[in-house]
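Below is one structure, written out as structure tokens, with a few remarks after it.
Labels run A, B, C, D, E, F, G and H following the written order; every chain starts at residue 1.
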């Protein structure tokens, strides 16, 4: 059995690549999924495909709806969701994904620096673990699947 | 039939009171629910009841978990959720509630100023409407229940 | 126990009123629900409350989304759905409601003239009954609740 | 992972073939499904297998019920549903499928010409996107799966 | 809280009346539901309301479908289902109701004479109890609700 | 995609073998499942494995419960259920399986001789088709999967 | 709105009475439910109603199944479950109820002395809070419902 | 089709190995799953990965939460759960898993010595079978899958 893991949240650092390398190096039977991570592409996909919108709100709306076809499907199929909150930006979609996973009963692990602890307390309270760096996430995945200790 | 409406998000302005007055003035058959909105109480409830924690993370954790008993129950029972994002703070719990409602298939309406539009595009894309002020929310509720136009 | 009955579909004839009078005359313990049936109001509610849209598509979209807050809630709570297809118009929202009810496992009864039989065969096949006039619907409701024969 | 896509609706133009060619040309990992699209076969399957019916209503009914074994199964398993409304006919089964997908929480994309926009506003409001031609649908699938821009 | 109890199965003896009297005498907070129990009415309701059918199969079909609007709703809402198998007839609808309740996770109690024990072993195996006479059913209900011993 | 088909009911004639041969001859992508069909084995499995029971009721009970591990799993995974009622016996487990499938929303096809029509009207009313012989079932499966007409 | 609270577990101390008095004194809008707490009655209900069993295992089985009609219904309807583990006995049914609530997504609060902490770590990890005495449970309920601090 | 079987409970005897050998020897198409069974590893995984905790309660909590990512996923995917209660310890997590499986509608088989019969009566009442030794479990699996008698 392969474990399906969805990597939600921040798209401005290389945390997904770190996890990808880590699970590969550890030979873990996982399939990693995530949103489209190229920022402009994610923003403009709706209008690029279905036609321009003069109003920025609908421009964003068309893109976000199309992205949700991908993300809602992949989160529903995931066995574990990792939710990353970076140092910057509002990242409300990450918290949205965490709430989505929680309502589905899918376990998730948060990944964020200490300065977000208080603001993320509700999100962390529904999580199965809170990690500080991608290495801990890789170790957690290795343990969950193989019982391997770091 | 009474409509159950859950008011999620920001606790630093009087938007809940405005909605409460508005629906009362309009004589709408609604029951309004929401989280505990006294900030310190919401933060400290866990340790106040179950005992102090030296570590701030567990201090927050105990409170957030206890708060979730209230919020998860009330969101699950809601017919409509209103999710308010104010001008300040991260407000990740509001986005979490939106994701939770989305996964349950419960319609929600967001309420936020224009400067958050882009950051909230995923949250807005799964919403049934986006409002700029509490008056619009009251009008929307009046319309949904009674077909009343503003 | 009151039975909740949702009356979906055509808004250009008085079939809802006929059913309302009929169930009242028969003293049946029912609560009747339905969409907002004032055509212009239903079309324009979105922009009237949340602001005008220059593009007709988004004008319609905002209204339809707001109406769905009402209709999805009421269909989910219904014990029985009546789906009326009149002589004219596309009435795709009626068929949409029938599919929605079917997926929820909620029994529905269609109400339409013979000329629609072939085009509605899939919708009728998932229905619990097909009626030709509101009187039959009233009789069906009376039978389902009280075992009363016409 | 292969994505399962159900192509619902109109059976009188070659839109399914266009999509099939397009996703093949793009090398997308999809499995395309749909109803039986030979009109007479779809109409007469019930009586051909289970015996003739003198009454056209039951003739249609037997066929539609048998078709529903296929369509309900395939829609339930789909990750994405494409719902096509052509220029002609009532096409109530397409709207029924859209409502079915909506209630299941399965994202769908509509495909129709501008003259149907107003009549389809409820169906479009619950959709993740509205396309004008099969090429846009192919591009949307390519984007959802691979993040590929047109 | 009132307990909703659905009385499924045999309609040729007075077991429902016995249970009704028993729970009333015991002052139990229950609401009893069941199918339409007048045999001819239950058989002919479909054609009486929606029009005659020359073919007996469709005559029965229309009636059975209409009855299912009542029975499926009431079984879904029941807290407990009592399924009675009498001495005679096939009573497949009783076994159907038992399977329906089992799939919903609703507890049911069977009520039948010893000669049916072997033929009903699968139905009894999924039941919460097997009773021989209505008095035992009344006692079981009294115990479940009040902890009252016979 | 393989279709999973569960063959429920009568174990005293060779209808399962006929269907197996038929779908094989037609090259249909199906996996056929069913209960354990050796009568004595099905009756005695419980006591043979877990120890004898002096009371016939518990003897049957242990066997029926163990059989339900198989049947409930296979019915839950089935895309289509075929429910066969033979000429003899009560066959309540077949009707139980039909009710189970109905509550799960899984389409089923009944297979029975005309003399059972009236007694099976509720079971047939919730079915997607009623067949008289295994050949019709094979044809129905071929049509559902491939759109092949007989 | 009344909150439904199910009190699961130990039946040898007066913790239920303490909670009952506490919530009454605090005027909280709660309905308290629980299993039948008279030990002998709970053990013997099955045979007292449905007839004696010479084998102790089936004696227990009949009673436990009948009790499950009550407990499964009440836990399913509960908004909050309190699970009490006393100083003595195995109390596996309390842990069973906790697992049941967890799978339903119903929040629960455990109540147990420190010496059980390690053995209950999995049960506590899925809980919303862990209390040491009934007073804390009362305070937690008061907070969840009214936001009242101790 | 492979059957997924989750082996829950006691980690101090070799019952899992016995079952593994037995199903292998019998050539059964099963995939066996279970918790991490190295006691210290299971206790300490949380702190080893995410950092030490001075308070034993949170030490345990972090580990138990991480373990739940594995166990909740595997139990949700299981077709059958085997729940083993050994001679010693409280083993509340085993009862928790049984309740979890029961709420999911997943059949489970208990495995325990006679001295636990009374204390486990609620857990056994919701089980599909109760076994005394691993050999019986292997035989039950062989029967469920292949209809093979011991």
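Methods note: contacts are C-beta pairs under 8 Å (C-beta built on N, C-alpha and C of every residue); 3 or more make two chains touch, one makes a residue touch a chain.
It should be emphasised that the depicted structure is a prediction, and the values quoted were computed from it without experimental measurement.
Note on A-D: across the candidates B-G, G-H or C-D, the interface recurring with over half of the contact pairs conserved by residue number is B-G.
Although chain G and chain H carry the same sequence, what matters here is overlap: shared residue numbers make up over half of all numbers found at their interface. Chain centres were defined as the mean of their Cα atoms; on that basis the chain farthest from chain E turns out to be A. Look at where the CA atoms of chain B average out and do the same for chain E: the two points lie 44 Å apart.
Mean C-alpha positions place chain C and chain E at a centre distance of 31 Å.
With centres set at the average Cα position, the gap from chain A to chain B is 23 Å. Averaging C-alpha coordinates per chain places the centre of chain A 49 Å away from that of chain E. Contacts with at least two other chains are made by residues 65, 68, 105, 130 of chain D. Per the touch definition, chain A reaches chain H in the complex via residues 1, 3, 79-80, 105, 107, 109, 128-132, 136, 139-140, 143-145, 147, 149-150.
Across the interface of their complex, chain E is touched by residues 56-57, 60-61, 63-65, 67-68, 71, 85, 89-104, 116-126, 130 of chain F. Of all the residues in chain D, the ones that touch chain F in their complex are 31, 36-38, 41-42, 44-46, 48-51, 62, 65-66, 68-70, 72-73, 77.
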